[in-house]
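Reviewing the structure listed below.
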Amino acid sequence: MAKTALIVSAHSADFVWRCGGAIAAHAAKGYEVTVVCLSYGERGESAKLWKQAGMTLDKVKAGRRVEAENAAKALDVHDIQFFDLGDYPLEMTREAKDRLVDVMRAVQPAFIMTHSKYDPYNTDHMYVSQWTLECRAIGQAWGHNPGQKILGAPQVYLFEPHQTEQMDWKPDVFLDITDVWDKKWAAIQAMEGQEHLWHYYKNVAENRANHFTRNSGGQSGGRPAKYAEGFQSIYPRTVDEL
Amino acid sequence: MAKTALIVSAHSADFVWRCGGAIAAHAAKGYEVTVVCLSYGERGESAKLWKQAGMTLDKVKAGRRVEAENAAKALDVHDIQFFDLGDYPLEMTREAKDRLVDVMRAVQPAFIMTHSKYDPYNTDHMYVSQWTLECRAIGQAWGHNPGQKILGAPQVYLFEPHQTEQMDWKPDVFLDITDVWDKKWAAIQAMEGQEHLWHYYKNVAENRANHFTRNSGGQSGGRPAKYAEGFQSIYPRTVDEL
Amino acid sequence: MAKTALIVSAHSADFVWRCGGAIAAHAAKGYEVTVVCLSYGERGESAKLWKQAGMTLDKVKAGRRVEAENAAKALDVHDIQFFDLGDYPLEMTREAKDRLVDVMRAVQPAFIMTHSKYDPYNTDHMYVSQWTLECRAIGQAWGHNPGQKILGAPQVYLFEPHQTEQMDWKPDVFLDITDVWDKKWAAIQAMEGQEHLWHYYKNVAENRANHFTRNSGGQSGGRPAKYAEGFQSIYPRTVDEL
Amino acid sequence: MAKTALIVSAHSADFVWRCGGAIAAHAAKGYEVTVVCLSYGERGESAKLWKQAGMTLDKVKAGRRVEAENAAKALDVHDIQFFDLGDYPLEMTREAKDRLVDVMRAVQPAFIMTHSKYDPYNTDHMYVSQWTLECRAIGQAWGHNPGQKILGAPQVYLFEPHQTEQMDWKPDVFLDITDVWDKKWAAIQAMEGQEHLWHYYKNVAENRANHFTRNSGGQSGGRPAKYAEGFQSIYPRTVDEL
Amino acid sequence: MAKTALIVSAHSADFVWRCGGAIAAHAAKGYEVTVVCLSYGERGESAKLWKQAGMTLDKVKAGRRVEAENAAKALDVHDIQFFDLGDYPLEMTREAKDRLVDVMRAVQPAFIMTHSKYDPYNTDHMYVSQWTLECRAIGQAWGHNPGQKILGAPQVYLFEPHQTEQMDWKPDVFLDITDVWDKKWAAIQAMEGQEHLWHYYKNVAENRANHFTRNSGGQSGGRPAKYAEGFQSIYPRTVDEL
Amino acid sequence: MAKTALIVSAHSADFVWRCGGAIAAHAAKGYEVTVVCLSYGERGESAKLWKQAGMTLDKVKAGRRVEAENAAKALDVHDIQFFDLGDYPLEMTREAKDRLVDVMRAVQPAFIMTHSKYDPYNTDHMYVSQWTLECRAIGQAWGHNPGQKILGAPQVYLFEPHQTEQMDWKPDVFLDITDVWDKKWAAIQAMEGQEHLWHYYKNVAENRANHFTRNSGGQSGGRPAKYAEGFQSIYPRTVDEL
């Protein structure tokens, strides 16, 4: 049976910058990765489009969706779903929570990825982080839609926010994405409306690779990586060997 | 080449309660585990002995050493070294630091274990935690005893303190020690002077096993463990797959 | 006039594991203890029941209620109320808040107990913790139902969550429950659907007793306790003698 | 063009105690300061009024409004708006959020002030703090009411809560309000229903002035201030000279 | 047998501002309170004296000693000891630690008071806080000066630092010192060299009394206090009734 | 009189990566910037040199000194002093502290810069951070070398460590260094032994510029910067206008 992973992205571009490498790397290892975009980021993360004359909400959403689909393709995403909940503020109804739980149970992910716990710049992000934990708990409830296969206890990784230190985000694992960098770079370039961030996230990937190397041995045998991503785990790991 | 691990224990019994299972489990996997006891805990952790008539510091140290050696044997420790630095307070001279660095470089451990960062009940513990990080940094310095093989970047795990919540200690990994529990239990019983703690640490191992099970899937397929130990990592991990 | 206390329990079993001893101990001192179960934990904490054929939500709720009533009886609870708000997710409407405020004002508790502030495993718990503080503030408002006796400033104790370190929970007071352990043990055994937790919480009570002893004097005259519970206070205490 | 500032006050008196000096000081420098009172504090912060016979909610609100308007006058507030959302609990609908965003965009403040992030005594305060960040994010969204002038990135200052240490509030800037103390004192005295707090907040202002002096040079040339206020910044500053 | 308490004060005036009320209040209840001044604060806290012509270190120390003795008298201190270790920096040798341990064991205090854990303005304070915990641990060691009566497990209270929020200090207990305020005020006035702080600490005492009242019931039956002091506990309490 | 600043650098290259831009930018504004290198980083930060045949400690120190002097020149440093205290571990004697205090008093800096409070990779860094606060306190003591001009209350900025999130470092101010980037880049290139870090710190400067822009207005009028540095303040600021 295929291994699977689930990404919960507040806005349609978040999965690209923050865990595009993890998606492609796991796809390359045979994982089927599902991405849920709760909104298109149509109001709050589409400044470039809104500066064009005659822009409408529907046009922005359509444009953002195409970009996200193109990025997903570049990253070998297995399935991308758009919940279209609106953004700024993103409001998650009980119905939307149930829908996300359905996805969690259908996917049965080995791990889930979502936003940081705190974000004073972007409250959508921090709410989504909390709702993801809430939906994970609902997914584990035997009494929720009895008969459905319930959710296990997948790790939840918080992916890298913008301005990490302001978000109290501290990575505890670095993933080597060197081999799939070309895919992440292609996905980044699919985000045509946010070209000002392309170079920024290339720098991030390079510097996280430096951290990868440092933590894997530094100048005394550290394994080099050229591109990496960092993640913060919510739950303890369970192992047989440290 | 054998895999290795290094335990830095402030007092001679700490390695038994706090990571005896990890020692035995890794020994069973072929690791050569070295334990450094910086002191015998002769002043501060030998109340039962001191209540005996005619007790002297030397007698206490000798008794504590025998107990520690017996425990080490039970756990299949590869090498146990006693630095005899005194305790309450444990004072680490530059010479003692250099000696610990020598051990680190000789052992080249895959990981190091030591005490929690904070301990208002036992300041020896928290100082040792900091000195271990300091010695690890010295061990990585190319200019320290040039010619010696320098230290890589081994993970440092903080093992479980007494009264975890008071020490700001938060485990991020649980290790299944079910298969080696008999060894840990034998080592615990070798600590004859601290019989009041035997049952306490059995309870800890059982309850950490509950946490192991919860975090590995809970009621939805979690892998059962009967005994476990928890650890807090200092550094991020570097991986190819999450 | 009788002294009183109020327990706000997200699911119908929480009050047993987490503060059953405190309930029985205070009942023995003449306190009238009221327990509010906001839900039955019917969806999320009744796995064993749901694994039975032909189970329905109503049957689970009825079964859970009986268990909770039996436990309450064993603990000499003065009054137990079931709000039946549903669980996973537990949603607290304005009406439910007003109802809880009514209880607070009617009981006029010397102290309130509820869940930890943070719980990534069980978001119901952390929401209930916050709602309890919110209802306490409403209860203190002179303009809420003018004419009712308003609430004073009762301490709020956060009782022990599962996996304490993951919840950022730090106890600042330990309560000796040795004399009422038999009652707590009977109440625990009333939780027939969660037999896997009986032994776990016995271990907790024993180890908290070790902490009680340590903090009351340790090996130098500490008062022994065989069973104890720990709590975290939200507010400062006000005293005439330290 | 006039410089502007915006104060978001949960209850109608908060702006007086917590940032009355900042308002008057900036007004004196030519700022147009707008105050939004989300509620009158009619239920939860008007105990003195409710103790009078025949009191009604409308009378309390009318009385609180007059007091707030008088205080605003004393402080040279440019505009004061009452959203009348109710208090204890203060509930912020989507409509109310949109209204606050409208104010933010209309005012285009150089900085915003609001409550501390945490307040276990007064949950209205902590919710308002979070909603203010949320509204700021909405105000920055190009797709929210396209055509409106969008909000920049004004600093958000958290003003001083009651019992600062319990709220995890840590000031990082002290403002000298000596020159406008008379205005703040007049505004404080306009709060006739809360006379028990007058002296308290005079003490606060004096002691914050001591902190101002200490941090500006102490006994080695510190600039003396007689009255000051402290604030905690949410966002980093951007400067050309430190 | 008399109850006892021990205050560990980095500089000779600290015990006056920070816990003078606690000293006098407990003396009034029959406690014998011992104060250890590790230094006179002769270099770092005697600016006013140093501004006088012809001042010498010995003169400052003599002057500071007289002030401290006068204050101690005013507070009914049982015993005041001056370790004369020097200040700015205060350096605590092993010999000085042993001396402090001797005092701890001789006094057998019901509680110890000392400085906050962190103080970036005054590193002497934070070091003394840590050394006090270290000496408490040594005092508990059965092997330290065998034959001496060993120390139990007295609570350590951190008294109020200057600029509390900057020191990460959070009080969890308020003590009513109204009845002994006259004594504290007299002791404060004995500190002739630091007259600029008299009014400051009067304000502190008044405002802490407001907190006392709030936490003991607020506007709904809170017990009024006119003067109070706040303290942060290091260890959990052990109780039979909450 | 010239404005001045003081940088306290554990190893001789730290000032280049971490605050080279701040140095050059303030030099350009007329500040005289003094740099104190407590060690050359000869043992722990000179791996490349040690890999050369025939290397000796003296040669490494000489080489590191030349690099640091060249970098200082490129940055328009006013004065650079080498304390040559040794590194890994860097040990700061009382004599060295007094020497640093002398520099502080001679320079009378408007601000001081040094390392982050915590650094588990490099304990030298965290010790230096604490010693800098300690020396600042000594420098303020009227009784230390009476007659010398005592130190005021300069801000202490913690400059950017490597792997910021692991060091609990959170910047609260960003400085635009675009105009002096050429100087910082030249200084970076003077660090010939650490070429692997050149690109890394260029990325850092670019991404901090993104943060500068975001925090100064973002997509709604933020002031663009091409290169920036971030700093964390220890003390509150004191201002007349926010």
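Which chain is which? They are A, B, C, D, E and F, in the order written, and residues in each are numbered from 1.
Simple rule for what comes next: a contact is a pair of C-beta atoms (placed from the backbone, for glycine too) under 8 Å apart; a residue touches a chain by one contact, two chains touch by 3 or more.
None of these values were measured; they are calculated from a predicted model.
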Partner chains that chain C and chain F have in common: A, B, D, E
Recurring contact interface, reference E-F, options C-E, A-C or A-B [over half identical by residue number]: A-C
Chain D and chain F: spacing of chain centres that average the CA atoms, whole Å: 37
Chain A and chain E: spacing of chain centres that average the CA atoms, whole Å: 52
For chain D, residues that touch 2 or more chains besides their own: 47, 121, 140, 142, 166, 171, 211, 214, 219, 235-236
Pairwise chain contacts under the document criterion: A-B, A-C, A-D, A-F, B-C, B-E, B-F, C-D, C-E, D-E, D-F, E-F
Chain B - residues contacting chain A, complex: 5, 22, 25-26, 29, 110-111, 140, 142, 150-153, 155, 157, 171-176, 211-212, 214-223, 225, 230-231, 233, 235-242
Residue numbers on chain E that touch chain D, as the complex places them: 47, 121, 162-166, 169-171, 199-200, 203-204, 206-207, 210-211, 214, 219
Contacting residues of chain A [partner chain C, same complex]: 94, 97, 130, 133-134, 137-138, 140-144, 146, 156, 234-236
Residues of chain E defined as touching chain F within the complex: 42-44, 46-47, 49-51, 55, 57, 60, 87-89, 91, 120-124, 166
